[in-house]
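Chain lettering (A, B, C and D) follows the sequence in which the chains are written, and residue indices restart at 1 in each chain.
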Amino acid sequence: MGAMKLSNTHTQRYLLRIADAALILSQRNSEWCGHGPILEEDLAQANMALDLLGQARALLTHAGAADGLDEDQLAMLRLEHQFLNPVLFELPHAVDGRRPGDFAFTVVRNFLTAAWFNLLWTKLLDSCDTELAAIAEKSLKEARYHLQHSADWCVRLGDGTADSQVRMQAALERAWPYLGELFEGDEVDAAAEAEKLGPSWASLQAEWRALVEPVLAQATLKLPKDRPNAHRGRHGAHSEHLGHLLSDLQYLQRAYPGGTW
Amino acid sequence: MGAMKLSNTHTQRYLLRIADAALILSQRNSEWCGHGPILEEDLAQANMALDLLGQARALLTHAGAADGLDEDQLAMLRLEHQFLNPVLFELPHAVDGRRPGDFAFTVVRNFLTAAWFNLLWTKLLDSCDTELAAIAEKSLKEARYHLQHSADWCVRLGDGTADSQVRMQAALERAWPYLGELFEGDEVDAAAEAEKLGPSWASLQAEWRALVEPVLAQATLKLPKDRPNAHRGRHGAHSEHLGHLLSDLQYLQRAYPGGTW
Amino acid sequence: QAKEAAFQARIDAGDYIEPKDWMPSSYRKTLVRQISQHAHSEIVGMLPEGNWISRAPTLKRKAILLAKVQDEGGHGLYLYAAAETLGTSRDQMLDALHTGKAKYSSIFNYPTVTWADVGVIGWLVDGAAIMNQVPLCRCSYGPYARAMIRVCREESFHQRQGYESLLVMMQNGTEAQKAMVQDAVNRWWWPSLMMFGPPDSDSLHSEQSMRWGIKRNSNDELRQKFVDATVDQAKVLGISLPDPELKWNEERGHWDFGPINWDEFWRVVGGDGPCNRERLATRVRAWDEGEWVREAALAHARKQHTAKEAA
Amino acid sequence: QAKEAAFQARIDAGDYIEPKDWMPSSYRKTLVRQISQHAHSEIVGMLPEGNWISRAPTLKRKAILLAKVQDEGGHGLYLYAAAETLGTSRDQMLDALHTGKAKYSSIFNYPTVTWADVGVIGWLVDGAAIMNQVPLCRCSYGPYARAMIRVCREESFHQRQGYESLLVMMQNGTEAQKAMVQDAVNRWWWPSLMMFGPPDSDSLHSEQSMRWGIKRNSNDELRQKFVDATVDQAKVLGISLPDPELKWNEERGHWDFGPINWDEFWRVVGGDGPCNRERLATRVRAWDEGEWVREAALAHARKQHTAKEAA
């Protein structure tokens, strides 16, 4: 036994990057369940986590088919470097690990990534891969709600009290240096674009800014300075946080191998 | 594969309770390494964690010999209900999980458990099991230092500022309801006492109080009310914290089975 | 007195009492206590199961669990809303929870130690809850009865899901999985029986509640009904229940069972269960850490309102 | 000027400068900067490796790692003490770290992603550090030179331990372990080469430091020495180094290697490495959260002192 063998084609990597982004963000957001600042947000965060989990499952199933691997094998038995989500998705809600967490960061990340998912799913409607296009269609509806919900909260908390404004600005500053990875083109992207599998991620940036900036302005938040991208989660090189997340996520399958659940 | 088969004799359980207490406390205290309130305490906590780890290794090796299991199989491949430490040892430093943690709780727990270990090791010097007696001899020297160090800090922080006193009292209140498990006799204890393997844990209580109370008084801390014991870690029924600790502790052996390290 | 008699007559006739109807203040108080306690139980009950969301063994099980815990939050929401129709705000009720004045179901003061606990909670704890709650669907207070209809429907679904997950492990699982299920049943069986409350001989409030149509069966009646139903389910699972005195009593037409450790029950109710302090602290922490969020939302709403007025 | 000339003459003669000796203020300043930066590197360097203490694969490896990270803290202690002999307090130095005025070694702004990173840090990062540090054992400032002797001895031990742990995995491990080691080497190789600092052509401070006996070899010299030593060790390990241009140059008697990505180096030095913000925030948090502890210790010491005076 050891590392799971993946064919690692451009197509598979393109799919896994998106699948893992959804899976890991779902795992993070579900941490709020039972711990939210108001009961309605416990439910909303859990609801969005469920949507993301559903998206991840569909994509993992699709990505694993070529190698005869199912969603659980991919989620539970891959090693850390085989996860291809951008680092932004794996960051803990609070930098000091405290529970429940920093809700400002949750809102900011949900907003920034929901905008990104919206654009991505929209482009993927035209994928030459009809199954991917079908996943995109279902996911886009969900992502629209995520965007609306998180944008509302961005404005509410950004343009709330002086204290909440400071927290939101700090959360935005924390998230911003990780955004580069969401808009960096590479050979996987280029292949996807060439084959009409899906858009190059780099191509999403301008529209993303157009989507995000008015909301941040309404939230009275200042755009942080763009930073050069230092993160390589899409290439399997993660932050120190993913390993701890995976040791929890994968615990049962590893401790009870060969089980039927 | 599945749960590890243990002979689960009274002797083995008696040994594992102590081994796991040392192992799990070592794991907790090593969390301070790199995060302490002053550099000297990073070193001291790491040093004590190393001592506890050494004690755990000796005891695990001894406890596993009958079943042909080595220290790593016992530490890394047992399932949660096979760990027999009292719950006190597994509690996180800070209730909200924040890092670095609540140093007051660290100090209080180290003090209360070091006093207990001191008495236990002292009695174990007379064990009919010569290997256990030898482990006790080495461990007692270390435990004396742990007791001295943590007692000093108890007094320093208890009788420090108004704020530190409040924190220390709260930490003491948090730890206290878990102490019952350290002084409860049962069939495992009774057998150990009858066979002169080691003391019944219940027999340690009076001396423990005599050791602990003067220090707490000097630290200006009030003794909390004794609570009925609700915890059964010694029987393998743990708090919700141990599982998360183990998913980290055991991660590598489970993710890379059959490895040589 | 005339009002009281008319009120009692309506109840006796099986009418629903609605928020705007006159009611005795002790009826109101009893209901607020009971409904809010029930709501608190849903909210605190999210914690033990929530502990396993991050570690569910498959993505399907994760989705089921996440949805279930979310449903519990939803039950909390309707129950708080039902209680609010009696004139007590959600914030007041939460304050009572956070300051230890209000109770929640004691069962949630036990920890979830393994994945099987999740299934067993579904089977036994939700099962016992349903036994307790089904009669409340005919409770005399309309909003509570209607909330309970919805709650019971969802709880039955959860109970079946929990049972099904155990069945899969017991029928197709490894030995380690089966042992995990048995261990969980051993830990949860007795606390589940305690969920029906103290024996009828020691039960407070019961008579008045019966008269008011808030309670329809005695604790011991419901407990027996639960035991009878569960023994058969345990057989199908292939699990043993940790009670050597459990045996069929032909004469009574019921299963006899061993004595319940009421000392433990009262100890846990009194605050000394394995998780009481942590559960409450966790809720208080979530509330306190969320204060800035609630304040900001309020401030923002005020700004919006002012802007609208000005326009 | 006469003092400066005498000072330089002592250095040229190989004498050690001691704390009470006269020294130019720029010598003092340079040393404080360099020694404190070195101390900070030890402290920040505890974080990436500390990340794996909880997950070490065996208890023996856990003990070795814990002891190693503790040693790094110890190095921090002697180095702060050495710097303090120059009249700057540890708190002042820490303040400079926490406010971003002081630097630490940029290598620690990379994350430790797998267990193999721990071994590779021992092998490559400690290896590079030793190359840099051995000449400092002959540094002109006595306390620094003496601290470095101790540091280097321990670092060599760590380096051998790291290498040994990789050797075990490469020789007796599974394919998954070998792949993990190779992956770690791929990630750490280039950053290790950057540890010697910018190419001599771009290096500031160097000449004066050479004259003062604080620096004894150029960056490029040390880097070449490191590459030459490491290539052979990689062969023994059975690992490949991620540089297609690496090849023996008979003429130079050295290994040629490919171009270093100095953009990345300056980016990370400038604050935009993968972990810069987190590393600093972690240190600041530990310091801030520990404030009450330090204050209480101080308050207690004052009480003790007062009590003694009174007696």
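Assume a residue touches a chain if its C-beta (ideal position, glycine included) is under 8 Å from a C-beta of that chain, and two chains touch if they have at least 3 such contacts.
By chain, UniProt protein names: A, B = Phenylacetate-CoA oxygenase subunit PaaC.
Keep in mind the model is a prediction, meaning the values are calculated, not measured.
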Check your understanding: Most remote chain relative to subunit D, going by C-alpha centroids?
Key -> C
Check your understanding: In whole angstrom, what separates the CA-based centres of subunit B and subunit D?
Key -> 34
Check your understanding: Distance-wise, how many Å sit between the C-alpha centres of subunit C and subunit D, to the nearest whole number?
Key -> 57
Study note, to complete from the structure: Residue numbers in subunit B touching two or more further chains are 1-2, 79, 96, 99, 243, 247-248, 251, 256, 258
Revision key, fill the gap. Within subunit D, the set of residues that touch 2 or more other chains is 55, 174, 176-177, 180, 285
Point to revise | Pairwise touch network: line, ring, star, complete, or other | key: other
Revision key, fill the gap. One finds touching chains in the pairs A-B, A-C, A-D, B-C, B-D
Practice item. Quick one: which bits of subunit C touch subunit B in the complex? Just the residue numbers, please. Key: 48, 51, 55, 111-114, 174-177, 179-180, 183, 187, 267-268, 272-275, 277-278, 281, 285
Review point. Which positions of subunit C touch subunit A when the two form their complex?
Key: 43, 46-47, 50, 53-63, 66-67, 69-70, 73-74, 76-77, 80, 115, 165, 168-169, 172-174, 176-177, 180, 282, 285-287, 289-297, 299-301, 303
Study note, to complete from the structure: As the complex stands, subunit A meets subunit C at residues 23, 27, 30-31, 33-43, 46-47, 49-50, 53-54, 56-57, 60, 71-72, 75-76, 99-100, 103, 155-157, 159-161, 163-164, 167, 245, 248-249, 251-253, 256, 258-261
Exercise for review: In the complex, go through subunit B and note every residue touching subunit C.
Suggested key: 1-3, 79-81, 87, 95-96, 174, 177, 227-228, 230-232, 237-240, 242-243, 247
Revision key, fill the gap. Touching subunit A in the complex, subunit B uses residues 1-2, 79, 94, 96-99, 243-244, 247-248, 250-251, 254-258
